[in-house]
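Just below is one structure, and these are the notes that go with it.
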Amino acid sequence: MKIRVYYEDTDTGGVVYHSNYLNFCERARSEAFFKLGITPELKNGHFVARKLEADYFKAAKLGDTLEIKTELFEMRSASFTLLQTIFKEDKKIFELKITLAFITFEGKPQRLDSKSKELVLSLF
Amino acid sequence: MKIRVYYEDTDTGGVVYHSNYLNFCERARSEAFFKLGITPELKNGHFVARKLEADYFKAAKLGDTLEIKTELFEMRSASFTLLQTIFKEDKKIFELKITLAFITFEGKPQRLDSKSKELVLSLF
Amino acid sequence: MKIRVYYEDTDTGGVVYHSNYLNFCERARSEAFFKLGITPELKNGHFVARKLEADYFKAAKLGDTLEIKTELFEMRSASFTLLQTIFKEDKKIFELKITLAFITFEGKPQRLDSKSKELVLSLF
Amino acid sequence: MKIRVYYEDTDTGGVVYHSNYLNFCERARSEAFFKLGITPELKNGHFVARKLEADYFKAAKLGDTLEIKTELFEMRSASFTLLQTIFKEDKKIFELKITLAFITFEGKPQRLDSKSKELVLSLF
């Protein structure tokens, strides 16, 4: 997935604001669902960030085209972990390891049913 | 209401990103509700922007303390219009005239019932 | 230009946060520059919002694909005005009339030199 | 430092968008500088995120008042690490461990000079 850096993504330091790299990664995760004609809001629940680790290697700036690669790192019964990497001209500039928990619409953690698990495995 | 300008509000041009002044004004509108211990989500509906006019006089930048003044400009049966002004050290830097329509939670326009109307009149 | 609506664009009301439509329009303006291999930061200055009018007709929500059309409304000596319209499945949902002033990097208003004027005329 | 949750901070899931907790923490870091009448842009450089780990325990929502506590975790020659915790009614809802590197305005990593180091030690 390709992302263009716009003014809204930058800050007065002249580069992309640090938390916006997380937004870029969330776009890539959501886009995987959108491509199937669905949203990440499943019938019986949706996903929330539970834990993440991020490493910043190089800054992106206005007008840059970034590329995001997403791969499944670990699948568990009630959550899964992705490894997402952002590249700028084939150079790794950011890496995110994020664990997403499956919760009910009331906000309670729940196990991924087999259909939702299959979906996740097919997406990433 | 006072607002501090943080990194997230700025862009690579070195000043506050143009749409964030609208966010600042929205904070001031919401804060009026929060001060009464309620949210802008009323029992039977909530408010959405229908129309706005904004004038930018001077830029704000990182670390600035801004002050927002909000006054009721016009009350109608299904909407109301506010005039919101942002000051930086007593100098007017931004002005917003915004019309907010009352809608149902399904998104249909609706008349403000007398209780909601009274609430709006007491807030602004 | 096509825009996808992601989580970051929405709010707890279930629709796109009102000021984010301005961001979408800004992306379309910037993209016009990026397509020429340049940024909106010209050699001798850049552009800031001076005045805008926005009309909200219908809400967009998570996963929607929006289309933005941009046309030049008026060219003046030190600023220009664009008309930008956002469509969702061929239905107009938002309209923006925005005046952008040309300023020096120190923030002073300045006339558009003939080269910058030509550039703007070629972009929109 | 206290933070109020506004519409712009939430998403269509009904809670605060995951990356905005990082923004709240950044506000707390910047506010420490602002309180001294300075900004995080020092004379010879500024700070960028190099690495972070975040844990999400509970969600915040529209109108919540959050409190942020910031403490120094480790000081090194060219960076420092903070531990920042967000509370909602005395309950820990989010924790961030963030390493900030000192860089020149050209973006090169550099050692913290003794004056900048002293400043950081006095702030956190």
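Going by the order they are written in, the chains are A, B, C and D; count residues from 1 in each one.
To be clear about the criterion, a residue touches a chain if its C-beta (ideal position, glycine included) is under 8 Å from a C-beta of that chain, and two chains touch if they have at least 3 such contacts.
Just so you know, these numbers come straight off a predicted model, no measurement behind them.
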Comparison of A-C and B-C (more C-beta pairs in contact): B-C
Furthest chain, CA centroid comparison against chain C: D
Can you check how far apart chain A and chain C are, centre to centre, with Cα atoms defining each centre and the answer in Å? 27
What is the distance in Å between the mean C-alpha positions of chain C and chain D? 31
Centre distance in Å when chain B and chain C are each reduced to the mean of their C-alpha atoms: 21
Residues of chain B touching 2+ other chains? 7-8, 13, 15, 19, 23, 26, 41, 62
How about chain D: which of its residues touch chain C in the complex? 7-8, 10-15, 17, 19, 61-62
Which of the residues in chain A end up touching chain D in this complex? 13, 15, 18-20, 22-23, 26, 41, 46, 48-56, 59, 107
Would you mind writing out the residues of chain D in touch with chain B in their complex? 4, 6-8, 23, 26-27, 30-31, 33-34, 39-41, 62-63
